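One structure, pasted below without further comment.
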Amino acid sequence: MEIIMSVVAGILFAAGIYNLLQKQLLRIVIGTVILSNGAHLFILTMGKLKRGAPPVLEYGISDYADPLPQALILTSIVISFGLTSLLLVLSYRAAQENNTDNMEKLRGNHDE
Amino acid sequence: MDILISICLLVGTFFIFSTSIGLLRFPDVYTRMHAATKASTLGIAGIMIGAFLFLYVEHGIFSGKLILGLLFVLLTVPVSGHMISRAAHRSGVKPWGDKVRDDYTEAIRAKENPDHMK
Amino acid sequence: MLFAVLLPLILTLLIPFLSKFKDKIHTGIFVFFIPLGIFIFFVRFIGEGFSPKLESYPWIPSMGISLDFYLDGLSLLFVLLISGIGALVTLYSIFYLHKSEKLAHFYVYLLLFMTAMLGVVLSDNVYVLYTFWELTSISSFLLIGYWNHREGSRYGAMKSMLITVFGGLSMLGAFMLLHVTTGVTSVQQMIGSVDMILSSDYLPLILTLLLLGAFTKSAQFPFHIWLPDAMEAPTPVSAYLHSATMVKAGIFLVARFSPIFHGYEWFFIIVSGIGIITLCWASYMAVRQTDLKGILAFSTVSQLGMIMAMLGFGTEAAVFAAVFHILNHATFKGSLFMIAGIIDHESGSRDIRKLGGLMTLMPISATLALFASLSMAGVPLPFLNGFYSKELFFENSLHIGDTTLLIASIMKQAIPYLAVFGSIFTFVYSMYFLFGTFTGKQKLEQLPKKPHEAPIGMLIAPAILVFGVIFIGLFPNLFNETFLAHAAEAISGVETHEHIVYWHGLKTAFYMSLIVVAFGTILYLFREKWWNIYKSIPGNLSFNRVYNGTLKGLDVYTAKLTKGYMNGSLRRYTALIISTIFVVTGLVMAGTNGFTFKTDDLAPITLPEILVGIMVIAGAVGTILAKNNVAAIIILGVSGYGQALLFVFYRAPDLALTQLVIETITVALLLLCFHHLPQLSRRTERAGFRLTNAVIAVGFGTLMTLIGISAHSSKWFAAISDYFLETSHDLGGGDNVVNVILVDMRGLDTLFEITVLGIAAFSIYSLIKLRSKEGK
Amino acid sequence: MTSTDFYYITEVVTYICLIATSVSLILLMIRAIKGPTNPDRAVALDAIGINLMALVGLIAILLVTTKLNDIVLLIGILLFIGTIALAKFIEKGVIIDRDER
Amino acid sequence: MSNLAVLPIIIPLVSGILLAFFHTKTPFVRHAAKLLSVMSTGVAAYVFYYVLQNGTVTLETGGWEAPYGIVLVADLLAVTLVLTTNVIGLACVFYAPYSLTEQKERYYFYTFFFLLITGVSGAFLTGDLFNLFVFFEVLLMASYALITLGGEKVQLRESIKYVLVNLFSSIVFVTTVAFLYSVLGTVNMAQMAERVQEVEQQGILTTIGILLFFVFATKAALFPLYYWLPKPYTVPNPVVSAMFAALLTKVGVYSIIRMFTLVFIHDTTVTHELFIWIAGFTLVFGAIGALSTNNIKLIIAYNIIPAVGFMVMGIGIYNKTALSGSVYYMISDMIIKAALFLLAGAVAHIVGTSDLRKMKGLIHQLPLLGWLLFISAFVLAGVPPFSGFIGKLMIMQGGFADGEVAIVIIGLLSSLLILYSIMKIFVRGFWGEKDENITIDRKTANALTWPVAFLVFFTVLLGIGAEMFYPVVDEISNQLMNPEIYIDSVFKE
Amino acid sequence: MPFQILLNILIAVMWMFMSESYTFSTFFGGYLIGILLLLVLQRFIPDAFYMQRVVKVLKLMLLFTKELILSNLQIVKLVYKPKLDITPGIFALPTELKSDWEITLLANLISLTPGTLSIAVSDDNSLIYIHAMHIDDTQESIQEIKDSFEKAIMEVTR
């Protein structure tokens, strides 16, 4: 299953990057969200998948899933959320100020 | 009891599956909405009750949240449906079919152009 | 010696205060005593019983960098030149520079230069030598740019800086190689480890880098181009830096390291080769100049070439001749520069075409110029020091040591002819300078000022130098035994006993001198006839053009190149970054057999998970296909929910909860932010655009997958997480292990994760609230 | 309570349901991507939410755990909020009604 | 005393939070910020002194023993960089009130400023790879906040590129941490080092190492990943640019040093040789970039790149001398880059443009600033006796000692181009006729100049007084060349 | 009514105190006792006993459930019919209900009725627009159901 999930995460990366390489801001932002998802899936997969119970200790159960990747993902999700929110507002403001959401039109001049 | 749970689950799944088929087969958003608001309610009810029974009867775990979730869905699904179809209509999605009767559009049109009204 | 070196530097700190009195006392008067004092300090060492002295002061001993000052014959010669000419130039400058000028700047730069130059010649430590070396370039830059309101001044300053610093850096490279090869940083100790250097693989590189330093500083062909432009500096500076001292730093460097390369034939080939070419080319070019200082600049280049050539010959006699000429050149060229300055100062012009017949108006200057010019021309008169050294040059060009390499043999044959050729033009420009200025028709109407003789104070310094020209000419051996021999010895490494005689007899060298005078006279008299040759040689070919072209090219092509790839396109940037990571990491993976694949430790494959995975992928890929904002956002949301479901499958309920909440908020925010923005364009991009994107995306995705699979197949160690499961309850006080990790074991992560959110919140707030007024 | 037979039917049934629901999820995904209109996608999203709840419920049975109940409830709540927001957005292009302030 | 390790993180954190509360009371905040910055620097200096005297200080946060909890490792390298960071912060905080509009100050400038320092210090101090990611995010988030602060058209346009590229590399970073966790079963750097050694850094580890290198290389702005850097660095306020130039790229370099002297050191033929190649291209392209423009801020921004090239060159050469050089150069460059950005900012602020073609004769009105620029040019080019020389010298000596001739020569040549690029500003902008159109507000001009002078003084001190600092750098490189020192300090007892 | 519920909860909590057991079941028991008490003391308390209304709500829910199941079955039939056998359309349905709450409730109930889906309410709250799968067949049956719903709702709300 880990291999399949690695492939899934890899495809998420690919889709994220494809979006990242587009011109329109919305697509780019979406790309970053997908990339984060891919990364989180990778982290989860890199622990062992599906062994034991959810890591909430319970009497009589000794086999639990690896809690560390989960903790790391949790941190990362929250951070990604902060980043995405900022990026969104930034995109909105940038597009508004510059009157376009096409990044190719937001190149600027080398010397200015 | 086991059988009851299984039936609950199977019925629920059947309706849920039907929802999807409906969503795929039906021609426009309104008809799809029918499928979504109706079949899914029973579907989710089946599975939630099944899960509740399983956890309660077989393991003595009382999962109030499952029931709460179910009730919540039952209450909200029609509201959601209403909201979406209204949104659909207002954003200009026409119902499917030739020469379809549409009182709502006419009413809006009449309101916008009072002269047009007979 | 440390004090002597640092004395000028210390005085620079006082200059700002001293210059406050400049209305009453010219700042130069204070400064004058510094070089004079240093000169007196060092002149004590002159004597037959002289032996080298070493003084050491630690600076950065850990890196082998210490202020080791080594006074041997060579450095003594230079120290005396620096301080002696320095004193004279300062004296001259007191009259040359008006009190309304920025004297403080001038003297600070000049003192800085003195320290630098003293440091260069006295340092035994290569890195300290390099430090002072660059300081000479810097102070030269500042002095050339002294009148920086002039375009030419700025141009000349930058040019000299670029070329000499280029050389300096090369030299640093050579020094580092020498250091690494021998393990020592002292020049004398390096000379002691000649064998290690000569057997090093780096030898050619060391030589090349070192000589680049020397040639650029001493304005050797083709690096000579900076020197004529350096004439934008005030004339005292030209006389001092760009004729007598700084430009000789390159000579000094070659001389200093001669003992190392003595037995290396390429040293002869390059040093003498470049020297002789420089001699010929610069003397030829000097004739074409119209600016008095221009003539002198090319003359300096040519003379430096001659000295360089002699150092390259490497024979004991040649080295002595070189040393002798260093001294002689300083005297006659220094005085000529000062006279040129006087003419400029008194007539307002240095353009030889506007000058003429000044002899009657400026008789003293004319007399001084006469002796100096004739000495420079090497006219065979036994009271001109220039004649002796020129004669020695011819003599030595005929007695170059044995050669083994073919090119060296060819050079050996050619050098005497080239020596004569170059000297003929030396004669021509000397006459040109002398007669063009002082004889012929007066063209006073073309001059800004009516010329008259300079104040006596201004004449003192050139007079002293011309006195030197004649004095040395009359008593050459007085200097020979006392310190020139020591200098030569320091270079050639053997005890030198050269006796200079007034009359060598009718040897080849004398005939060569006669040829020079004869042809020189003819060429000078009929110069109008052959002048046109400059139109074809060098014609448009000029190293100035190369320099200018290079700088212009740097400006234009760096801009073109940089604008080409730094085009501001985010897509381009990300595409390049991602492709680089993909290609290089991929290659490394392939190259190190990084891919491993093991299936023995995998979770069972189940259909529902795969289906949910497909759904997540479908969502991710679906966003690409989506034709409008809302659609893309909804599909993204669906994919995110699918991800949450995967978390449920993989026993991570807390993750699923968080993912659900955050995905929802994200979708809501996306809708909120993007509803004002234009819809996604329906126009599909070019196929090429899409293909590139796809290739990069798929490539990187594949790479990550392969690494992921390999990483999973290479679980060589037990994960540390068992500890968390064991201790969560007892030590962490909680049963939800993930929570315990987050708030306790990795509490720091969580604290700063919250910090990140906090910053984001504040930032969003200010983004929304704080708007610039510009567009509104 | 420990007899494995006892669970067996439930387990198999649950698993079958899981697969069927997953398939149904994919079908809904097709609708979400195809559209053709945004309200169509909203409907699909609504249905997907229900499916997710169902799936989590089914997984809870398989894992025999109550730790997933929160998720079920949360999906329900988020689904409602999300759908309403989405509908409002599609309708007027706004989520928070600015006119009413 | 192990709590000392956390102080350089906590003090700026608390400062930042504290100042957020008073954000509307600008005069108070200004003074408080200065005070807090002085305090923070003082503490950093004390920690530095303590570590210098007593060796590495490690703190197991929350009392959880390494490798399970997050461990902070205040080794000499880390505390030196933390101290440098604080010194730069100090100059910036005194410069800020004269450069920023009051509005920007009010919108949490000082909060972001201190949190940036928090993130940077944290990144230097942490001994846990995932925690490093978190600190990276803190400093990046603070940098996003700072770079967008003000919301001007150009600023927004460029910051979006900055944010996106960094966002991408952050995502790859966290993924790479996951890969390493899979192979090594840990995120503690010391334990990673032990375990990598145990399996002799097989291919997959080298691959992951390279991926990690690229993450840091993107932040460090190495060829060919630096595209995002120059332009965005010119758009925010000079204080912000100065902080970025001094700190952010260096955090990337630091991370490369840390990982490739501690963990991935068993297959240097692949990794470190690659670094040398990359360093070479970085030097060349960075210098070319610096020559390509007439915008003084951009010239200086481009100059960040070759400097980083030098540092990475030292890492690639990977011997004690070269590493000493890299560290020395890094410290020097942090200070001088901050000084140059503040300087360019001051010029642009006073003259009203950053276009070199519109400046002339500034030396008449701004003599001190002019001479500071003049000195800075030589610091950058690595001319003695200034600090740039010491670092470059050691790097290049190390290069020659290992037979890396080509890269050293490239280094020498790039130094010339760098000198030219800065000298252009001096010659074209400061020399020439006095421009009578410029009126100078003396008070502001002075206030903007002194922080620059303060920083330049440090670089001169670092050069002339190199003997004082050399033992520190020597000890740092000693520790870097002997990773077991680091490992032992983490797993002591 | 809120007063009654509060009172009831208070009784339940006091019951927990008295029995010194703080579990859900004790609370539940206390709550039942509370209901009993309130029932007994009905005449001393203003307003009608709230449990009466609860009963009505339950009745409504029963109706709701019945319709729900029916409509589910009907839609499934449509879904699996090989030929798409529908004639959809939108018609307006007049209502006597006034408050937003009531109308929302009615609209929801209509949505759960077989073959119909409320789409919008007219601005004056007098009409509910309904989308029907079989516009010709269903209109009358809807009318009936609407009547019953309307009554049931009114009983709850008024």
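Going by the order they are written in, the chains are A, B, C, D, E and F; count residues from 1 in each one.
Operating definition for what follows: a contact is a pair of C-beta atoms (placed from the backbone, for glycine too) under 8 Å apart; a residue touches a chain by one contact, two chains touch by 3 or more.
Here is each chain with its UniProt name: A = Na(+)/H(+) antiporter subunit C; B = Na+/H+ antiporter subunit G; C = Na+/H+ antiporter subunit A; D = Na(+)/H(+) antiporter subunit F1; E = Na+/H+ antiporter subunit D; F = Multicomponent Na+:H+ antiporter subunit E.
Every value quoted in this text rests on a predicted model; they were computed, and no experiment measured them.
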Where chain D and chain F overlap in contact partners, by chain label: B
Graph distance between chain B and chain E, where chains that touch are linked: 3
Centroid-based (C-alpha) most distant chain relative to chain D: C
Chain nearest the overall Cα centroid: E
Label of the chain whose CA centroid is most distant from the centroid of chain A: C
Gap in Å, rounded to a whole number, between the CA centres of chain F and chain B: 17
Between chain D and chain A, distance of the C-alpha-averaged centres to the nearest whole Å: 21
Gap in Å, rounded to a whole number, between the CA centres of chain F and chain C: 89
Where chain A and chain E are represented by their mean Cα positions, the distance between them in whole Å: 27
Where chain F touches two or more other chains at once, by residue number: none
Touching two or more other chains - residue numbers and ranges from chain A: 20, 25, 28, 38, 42, 45-47, 53-54, 56, 68, 75, 79-80, 82-83, 86, 90-91, 93, 97, 103, 106, 108, 110
Numbers and ranges of chain D residues touching at least 2 other chains: 21, 23, 25, 30, 38, 42, 44, 63, 67, 70, 75, 86, 90
Interchain contacts (touch definition) - all pairs: A-C, A-D, A-E, B-D, B-F, C-D, C-E
Touch list for chain E against partner chain A, complex: 130, 133-134, 137, 141, 144-145, 148, 151-154, 156-161, 163-164, 167-168, 170-172, 174-175, 177-179, 181-182, 187, 231, 292-295, 298, 355
Contact footprint of chain D on chain B as seen in their complex: 2-3, 5-6, 9-10, 12-13, 16-17, 19-21, 23-24, 29, 32-33, 35-36, 40, 43-44, 47-48, 50-51, 54-55, 58-59, 61, 63-66, 68-70, 72-73, 76-77, 79-81, 83-88, 90-91, 93
Chain F-touching residues of chain B, taken from the complex the two chains share: 14-15, 18, 21-22, 25-28, 30-31, 33-35, 37-39, 41-42, 74-75, 78-79, 81-82, 85-86, 89-90, 95-97, 100-105, 107
Chain A partner contacts - residues on chain D that touch it in the complex: 63, 65, 67
Interfacial residue positions of chain A with respect to chain C in the complex: 1-30, 33-34, 37-38, 40-42, 44-58, 64-68, 70-71, 73-75, 77-86, 88-93, 95-97, 100-101, 103-104, 106-110
